[in-house]
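Two complexes come next, and they have one chain in common, chain A, joined by chain B in the first and chain C in the second.
Moving on, here comes the complex of A and B:
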């Protein structure tokens, strides 16, 4: 029997761990008991619809927002009482790319951030900028959305932090700008040991980079697991069923999304492939298609599954 | 050698990279003793996780398709893998076709018959061209 798709990931050292994190803004509950576990060295994709609590989670880790209850740790340090140390370990790209200073020069922006981080690698920052034809004299008002995003990413990476928090880094970028940004990130990861916690509602854009998936729905995680496990455990099946077919109980239990139309079924199931396929064949159904899901399709399945 | 992958393809990306390297060897765009791109280079180029590239190279090394040289990088193995690799590629393709056939409600026999018919059509076409 394999583990469920909502895992604690306790087995590996964690770069981020929250337990029972809750937060309300007035009557609106942003988080309802979030247990987030981001293994060290992973690229963790935190996905969910807008308003699911992604930005609030990241802001709590930075101590920009106080949780109502629960605990949160980054690399073993409490995000509240050890906030200054924790923030020094983090490179952060917020979900806004226009922070309202069109006159601000790229150089001044980077100098400002540099002063917070003793480990700032100026050579690295300038090299990354020049690769993208951005000058330190350019002002934010003259940069495209994609260029502004790149400057923000350079700012977040230049002190080579052990943890990168990226909030919707590709949102609103044209395909080419997005592609450049992801290339920059992949290159950084190859050269610097880093954990990445990346929030997005556009999961297909980070298919190539993500190795862990967390799915947020209504302020809590409904799925959290390594991609390798996802690939082994989650499948989409198509089958033709005989008249009056009854699903074997084990298969029905394993199903997280069921679409049935007359003699045609299209289900997403979680569990051991061989066992489930054997159950299906034994029930008289004719299996037509059995395929693992990519991050995008898996996210869709987890978001549309019935509450358990 | 040009390596392309389909991130949306449900097949794991490291398997796609392995296939691309094997294909390059069979087609001859990658020759024995040739250097493969570095992990960093390929990860940045494909916009994938460097660990994924590393995994692909590690598996290829285990299969004897590439060899790692300390401090120098990864190289295509010196022995030609030609026939065995071609068989593996054909097998892989056959599996994909068969899966698709089942999905469409066709049997293996029906697929085989169609494949033979299409191949013989093509043979006739090309021999007509030769005559012309």
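Moving on, here comes the complex of A and C:
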């Protein structure tokens, strides 16, 4: 355990592991020593604002981008030296949906794509297309962004890869299309043991799917933990304090975000909730509200906390 | 979770997939493209057979300009048909890398590089697949030209061409394609592999030259240059252009040549530019 909310997750078998990954594009540092650990079978939600380094991280795992330093492994294979084998284990949905063949029919594209994946399940691909309401006769140039995203998801899932890398999969989708897409992804996960590494800056859209959270800020991982640990350890509390109130030292240590409005103070705290509640009550503060945080609120807290 | 491992593809399957992608009919389900290719073959052959650069026209009171004639170029109508076809094949070869590499857009580059094949092997497979399809198209064009020339009674000189000369007509466009492929692939690791491909091509070309079959091809290339420069110079001169417009006698090959030029331009536009999204 590196820190309370920055865990190495070494105890479980890992599908993805990066150590000290750094990458710069000119003067801009995209990644600064990234230590990512995605347990096998998990749905790992990698969140962060635009430019935090999410896409660069995924592209390094596919060997589309070379890291300046550090190592990265997928299912035990080094992403650089064993790139072809690693990519055979991955279903990838990039953040770009235009791949340069607007005149190509969906059916022709999938026929081309399946040549690269001997494990391709044609029956499953056709079923997914049918559920997504996409015709094999449709050409890419006539697909909407949402439809193109669905085709990308079919191409990523139909060879039943052990690892899915999804880069902003819900970006640009209307709420109905998003729910449909996430529903089919959940069905896929129920029927096929798969690890998912999903990057997004819209955490609320994947709230029900993720069981691990990683938060990137400025190319650095500021939080990485299982959802269960997050629920047990991260809380938001609000209290009214008396005049001349002194904060208990333990609360100061545990608070990662603190907001004051006259005599109302709210904290986002990390630690043993019962101990903190007891200390707060003993200090004379009137505890008004106490709740565990969902993924979106937790992300907001991690992104707004000061660097430790 | 039970750990699974998906197999990587065979390179032969990847090669077939790439050939299949290049042979995909553009413009949806239409066979229009293949029709155009065949039509270009017939037209270039007809233009070659009937080519009548035997034009003399007056540009002023004392000046008479003459365009080069087919016979001036040392060609009979049959070989002239091949000559025009060769020009068309080089145009195709110039545009072909655009079709194979699809402009190297971020989306297409990302897609192809994310496939489970080693990057360098994938580039070589794509290059080879592009070369094969281009050679097949050139062969088709040469066949149409030869048959058309023979139908017009000019097939005899072509029958005297040695096999190695026919081979040169295919390696010429292939070389052009290989060299120009370097541009869409520029800045990538393929340089070393492309270098090998180009080296082998130059070696083959030299061997063919050494065997004495390069001379006619080189002569054709030189004549092509002279003829083109003369034609472009005439078009650039306003007086000559006016004379061309009003004095050029209508000849059977003119509509064919104009249509051929338009089709060649359409082919270049199709292969070197990306289609725009409709939505």
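Rule of thumb we're sticking to: the second predicted complex is superposed on the first by the 304 of 308 C-alpha atoms of A that agree within 3 Å, B and C clash if a C-alpha of one lies under 4 Å from a C-alpha of the other, contacts with A are read in each partner's own complex, and residues count from 1 in each chain.
Everything below uses one rule, namely that contacts are C-beta pairs under 8 Å (C-beta built on N, C-alpha and C of every residue); 3 or more make two chains touch, one makes a residue touch a chain.
Because the structure is predicted, anything quoted here is derived from the model rather than measured.
J.: Using the touch definition from the top, say if A:238 reaches chain B (first), chain C (second), both or neither.
T.: first
J.: Under the stated touch criterion, which partner chain does A:204 make contact with: chain B (first), chain C (second), both, or neither?
T.: First partner only.
J.: A:303 in the overlay: touching chain B, chain C, both, or neither? Say first, second, both or neither.
T.: A:303: touches no partner chain.
J.: State whether A:190 touches chain B only (first), chain C only (second), both chains, or neither.
T.: Once the two structures are laid over each other on A, A:190 reaches chain B alone.
J.: Mind telling me which of the two, chain B or chain C, contacts the most residues of chain A?
T.: Per-residue touch count on chain A favours C.
J.: Looking at A:99, would you say it contacts chain B, chain C, both, or neither? Reply first, second, both or neither.
T.: second
J.: Look at A:78 in the shared chain and tell me whether it touches chain B only, chain C only, both, or neither; answer first, second, both or neither.
T.: After superposing on A, A:78 lies clear of both chain B and chain C.
J.: Please work out whether A:294 is in contact with chain B alone, chain C alone, both, or neither, and reply first, second, both or neither.
T.: So A:294 only meets chain B here.
J.: Across the two complexes, find the residues of chain A that touch chain B and also touch chain C.
T.: 41
J.: In their complex, what parts of chain B are in touch with chain A?
T.: 5, 7-13, 39-40, 43-52, 99, 102-103, 105
J.: Please give the residue numbers of chain A that touch chain B in the complex, ascending.
T.: Contact set of chain A toward chain B: 41, 43, 179, 182-187, 189-191, 204, 207-211, 228, 231, 238, 240, 287-289, 291-294, 296-297.
J.: Along chain C, where are the residues that touch chain A in the complex?
T.: Residue positions touching the partner: 1-9, 13-14, 16-17, 20-21, 24, 26-29, 102-103, 105-108, 110-111, 113-119, 121, 274-279.
J.: State the interface residues of chain A toward chain C in the complex, per the touch definition above.
T.: 13, 40-41, 59, 62-64, 75, 83-90, 92, 94, 96-105, 108, 111-112, 115-119, 137, 139, 141-144, 159-162, 193, 195
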